[in-house]
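Order as written gives the chain letters A, B, C and D; numbering starts at 1 within each chain.
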Amino acid sequence: MLFGQRLRALAGWIATLAVAAAFVVALAAFFELLSHPGEERTQILRGYEWFTSGDLRVAFDLRWDPLSALMALVVTGVSSLIHLYSIGYMEHDERRETFFSWLNLFVASMLVLVLAQNFLVMFLGWEGVGLCSYLLVGFWFNRRLLVVNPLGRLVEGEPDDTREVWAPPAAKKAFLANRIGDVGFLLAMFLIFATTGSLDFDVVFGEAGALAAGTATAIALLLFLACTGKSAQFPLYVWLPDAMAGPTPVSALIHAATMVTAGVFLVARTHTIFEASGTAQTVVLLVGAGTALLAALIAIGQDDIKKILAYSTVSQLGYMFIGVALGPIGYAAGMLHLVTHAFFKAQLFLGAGSVMHGNDDDTDIKHFGGLRSAMPITFWTTMAAWAAIVGVPFTSGFYSKDQVLAAAFEHGGIGLLAWAIGVFTAGLTAFYMSRYVFLTFFGERRWPEGRHPHESPPVMTVPLIVLAVLALVAGFALTTFTGEGGRFQAFLEPVLGAPEEHESLAAAAGLSAAATGLAAVGAIVAWLLYVRPFDWLALRRRWAGAWRPLAEKLYVDQVYEFFTVNLGGALAAFLARNVDQRGIDGAVNGVAELVGSSARSGRRLQSGLVRSYALGVLGGAVLIVAFLVFRP
Amino acid sequence: MHPLAQATTQPLPLPEVDWRAIAPELALAVAGVVLLLVVAFWPRAGRGVLAGLTLAGLAAAAALTVWNWDLERVAFEGAVSLDGITRYARAVLLAVGALATLMVAQGDSREGEPDDSPPEVFPLLLFALLGMVLLAAASDLLVVFIALEILSLSLYVMAGETRRLAAQEAAMKYFLLGAFSSAFLLYGIALCYGATGSTNLLEIADATGDPTADGTLLLAGVGLLAVGFLFKVSAVPFHMWTPDVYQGTPTPVAAFMAAATKVAGFAVFLRVFAGALGGLVVSWRPVIAGAAVLTMLVGAALAVVQTDLKRMLAYSSISHAGYLLVGVAAAATVPAGVSASMFYLLTYAFMVMGAFMVVQYVSRLGPPDDDAIGERSSLEDYRGLARRHPWAAGLLAVFMLALTGIPPLSGFWAKYYVFLAGIEAGLTWLVVVAVISSVISAFFYLRVLVVAYLQEPVGDPGAETAPGRTPALGVALGLAGLLTVAIGLAPEALIAAARSAERILG
Amino acid sequence: MTSSEQAELIVFIILAPLAVVTALGMVLTRNAVYSALLLVVNFFCLAGFYVLLEAQFVAAVQVIVYAGAIMVLFLFVLMLLGIGNEVVVKEQMRGQRPAAVLLALGLLVAIVGALAAGVFDAEPASLAAANEGGNVEAIGRILFTRYTFAFETAGILLVVAAVGALVLGKRQP
Amino acid sequence: MTTYFQAYGTFAALLVLSIAFVAVAFGANRLLRPNRPTPGKLTTYESGMDPVGTTWSQTQIRYYVFAFLFVIFDVESVFLFPWALVFADIGVAAFWEMVVFIGVLAIGLLYAFKKGVLRWA
């Protein structure tokens, strides 16, 4: 028993060490990979053979190539830091050993996803991360759980809330969106197998070029449907902001740094399929650009710090999709943005968690202000990440965003539209992120009486510092050691293909100037509004007409809610009432009726249910026989 | 020629008794009769003894099945045929029977309580299995009907084995509706006989090949046959009895019904429709496909709104019947449809039995209910299960994830193969519906896990009673869990075995 | 039309309406005992039909098993329930009756359609050949040769039915 | 040669005659007897006792079990007729067939006997 207690206390450290060990292994394997020349940097580990039968061979094969190595490093690296942070953050939670085991399970699933060599193994990881995400989002919900069945029998929660069907709404939303995405993945997988006869990446990608345009488009769009679910793109992005209800390290790890980027990774991994379909690439591009803009707009209107960061994540994922939709010129840029975003957004979330930790779990931005001096480490590290996401020159976000936008510009055509949207969104990003840091750390103190904001313990601040440093230098380190597109691109070239020779990047300087300039404008406006002594709440009231739609998330959620909850609920209630008459309470009624009739077996028939069941049988029989006899 | 006429124009052919061909069935029949006599002459025999004898009978039948594994022939003048479907179904059914025996042996009484379940349940279990195995092997519509009635009668009685009102009600409903559907089946057999002049499946298959004949009469018979089979496998709109019956009957019986009836029902479905009536596939495929769509969607949609786990499993079994119907629809033109369906049955049988075993375990945790209405299987009873009984919760998770079709577990492969067969048969639209349905179904399977893992138990945990010693149930749970995981990790051999089931002798 | 065919027609004309009327009466009458008795008459009509079809054995079975044994069982069950305190049949769900009537008619139409399409063009199999040596003997020949297997399994079916009835019967309070 | 239906002529005549006999007997009775009902005459005859309760009394479940066993053995006996007719043609095999069939049913009967369902206690 004593041992058990001590083990529980150690759970966090054990989990952290496990992930850190994975990171070390990944690092070693990465350097081993680097020792090979570029073309030989794809290694396939023939793993446990699931089975072979006929032409189908499915094995637990893993793939170690630059792309998966990159992802594995990011996943294990960021995970190690977040695990470490969680030890402090979850210190007082009585179920922390459960938390850490799920977190570990998540990392394992994510590694399976990125290391997969065939679609089936990838799907295994894809489902695994979804499941863990679902469990972790719901981790805290037992505290204020709403379980209400469609017939309105409340188990717990607000007595008059009959809309929630069964689960924590956030977890439910995440689940629904991801399952819609999974339909896409599954159907794509069947279609791939039906057309190429294999699920192995090498075989499938080898035949991707020979696919009929329609088939390629169908597969690509189905895969992208899966991406919109997992990576929170329009129209399925709505779950991500709600998923912030989970513990903050979860938000940082799953909903910022790793899982949500799986969609971007999927597009990059299956790029040959997307290249076979121009239509699909255009769709990805437009969805990415549209989501980037939409989410940035909504982020402006949020007062909950985690919601701001969540919409920011959705928006930044949009940038990544712009990158990977552009073809060879954009892949490396999109992946670079994935990496840098993992660093700075993980920092931002952990920083937000630190703020919450020091402020009694408050998330309302209106209750902060002037935290700069109370939590200096959190402040400075967050400023570093802020610099990166806003695109302050020579921070990591500057490089990656710049490359995405440059690639879009270079791509021409529809890419120009994406470029314009991207530049404008960069300005918006600067504005809402500045708003976030200014309202939190600058200005006057607005926190309530009796609260004593304090800095977090070292176990939490060390990861913050490491991530902040990475957020500052990663872009520089990854790109500028060599010229021409950078070392990063060269590293990924064996997998993602080389872009055609492009003209000099003379125009690039001008392009970055445009984005950086607009970002500066956004930041300055935020400064004027939120740091100077200025009654921004009054402004908000005056411009309520413009403010409301943003605060209300442009009403997208309401529209969805109308369709899913009202119509879905009505359908469920209808089914329960009319099709399954016994439904939920009926079983009890039927029995009560029996008790009333002193259980004489003959009376039972009077319940009428058996008769209606028999009618169903008869009706079905008539339908079938009539169809067969008077067949068309 | 008319078989009656045939009989008189030839000298009486003495029936050749092919003992070996029906050896497993014989073993089951003998075991059933022996158990019946043991129950009669040794009233004080404990459940352990009876279960041991039952298992011995099953083991003998299994050994004979293995002995007969390579036998492929039609025996008893076309009454039974030994082919892939027969042996695969035999093996699965005997395994299911063994697990069900363990569950029944456990019963729901705790130490020191009298058991409500009568000892006759063991011979009845054997007779039900006999009916099922025969149904899977039957190659003559008369034998199909008799086998179906043997299994149905046994199940009617087993369903009402305890004095609980819910069980009695379930037995009554199952009986009335079962009899009703049997009438349709019998009429179907009569019409098929009228149209083709034979009840033998091989001869019916020959008759369907005649292009000059107007097939309307036969098709009406086919439609009525479909009604009878669809009822047994609880396909929509013949499914309404399923939730009431599964919820009401004792859990071991519900598990047995859910797993074994499906195996036998689909085996005969495949043999009759994909085998004998394969020539009429163009006519009947829309019927089966339509039933499949309804079954998958209605099953999944209604499972979502359930708050009782047994009832939810009933709806889940309905939607699984829908996926299997996709396999049946594909099977007539694509041999892979047969093997995919058989493999699906194998995996499904263990998953669903496992889920019911957990239900049986959990129903022992609460105080025994005084009102004696039904068993404790409300989702409420599963709150916080993971913290109180991590093993039970872990196994529950395995079965739920397998039923969902999450990759490393057996359920995924089952779905995968059936869906592939569907695409191969050109039923892509049907597969799309199936995938959508399986996505909906994830909703309610995972909800169970949410309840078990994320929610706090309600009420006073001290009020919970110990489950008592559950050796038999423990073994059964372990086996079902092991099989579900193992088949998922190494499905190859079993798929290969199913492949050999593709040839239907008729 | 031969005299034999005439006789057949006359008997049929007498029996057919009687069969329909007794069947309807059985369903519609409120008194369960009348219902049972009408069913007996109906069984006899069916036996008559079987005789018309030269299936004497089935006719005999119809009388012995159905009109005899099974009716006795029905009456026992009726007595068991105690008819005196008659249950007022209450419609729990509206529309069940009309729906049932409509569906039954639908099934009738479909089956009649099938029969109409199938029966009249078909070449009838020779009854004389089938019944050579007497109807019962012919049945015996085929039952104990070709259908041995079905025959023996039917024995098991009967045992299961008996055991089931005893188990359920014994449990009643 | 008599036709199929002529063979049933005798049977039909017998049927008509027997119905007529009953009808005539009761009809004559009704026509000839005096009809003076009193309450005492209209009560059910119960060996001189006053009848208690209604005419419908609930019977015991036991009857049902007997009736059921009767049905089962009735069905069994039905099979004996064709069997007896072809026994000679088929020979010893037919004998064993019926032994198995009846043997199986006999085990059911044995079970019922041991379970005490057949005892009237």
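Odds and ends about this structure:
What we mean here is this: a residue touches a chain if its C-beta (ideal position, glycine included) is under 8 Å from a C-beta of that chain, and two chains touch if they have at least 3 such contacts.
In this text, all values refer to a predicted model and were calculated from it rather than measured experimentally.
Note on connectivity: the fewest steps through touching chains from chain B to chain C is 1. The greater number of contacting C-beta pairs, out of the two interfaces B-D and C-D, is seen for C-D. For the pair chain B and chain D, the distance between C-alpha centroids works out to 40 Å. Inter-chain spacing, taken between the CA centroids of chain C and chain D, is 18 Å. The distance from the centre of chain A to the centre of chain D, with each centre set as the mean of the Cα atoms, comes to 78 Å. Centres computed as Cα averages put chain A at a distance of 66 Å from chain C. Counting partner chains per residue, chain A shows two or more touched chains at residues 599, 609, 612, 619, 621, 625, 629. Within chain B, the positions touching two or more other chains are listed as 12, 14-15, 33, 36, 216, 219-220.
Each of the following residues of chain D touches two or more other chains: 86, 89-90, 93, 104, 107-108, 111, 115.
Applying the touch criterion to all chain pairs gives A-B, A-C, B-C, B-D, C-D. Chain B meets chain A in the complex at residues 165-166, 168-169, 172-173, 176-177, 180-181, 184, 216, 219-220, 222-224, 226-227, 230-231, 236-238, 240-241, 243-244, 247, 283-284, 286-287, 298, 301-302, 304-308, 311, 373-374, 380, 406-408, 419-420, 423-424, 431-432, 435-436, 438-440, 442-443, 446-447, 449-450, 453-456, 489-492, 495-496, 499. Interface residues of chain C, counted against chain D in their complex, comprise 2-4, 7-8, 11, 51, 54, 57, 60-61, 64-65, 68-70, 72-73, 76-77, 79-84, 134, 136-137, 139-141, 143-145, 148, 151-152, 154-156, 158-159, 161-163, 165-166, 169-170, 172. Residues of chain B touching chain C in their complex: 1-5, 7-9, 12-15, 22, 29, 33, 36, 76-77, 79-80, 118, 120, 123-124, 127, 130-131, 134, 140, 142-143, 146-147, 149-150, 153-154, 156-157, 160-161, 163, 171, 191, 194-195, 197, 214, 216-221. On the side of chain A, the complex with chain C involves touching residues 599-600, 602-603, 606-609, 611-612, 615, 618-619, 621-622, 625-626, 629-630.
Within the complex, the chain A residues that touch chain B are 48-53, 120, 123-124, 127, 131, 134-135, 138-139, 141-142, 145, 147, 149-151, 153, 155, 165-167, 171, 175-176, 179-180, 182-183, 186-187, 190, 193-194, 571-572, 575-576, 579-580, 582-584, 587-588, 590-591, 594-595, 599, 601, 604-605, 609-610, 612-614, 616-617, 619-621, 624-625, 627-629, 631.
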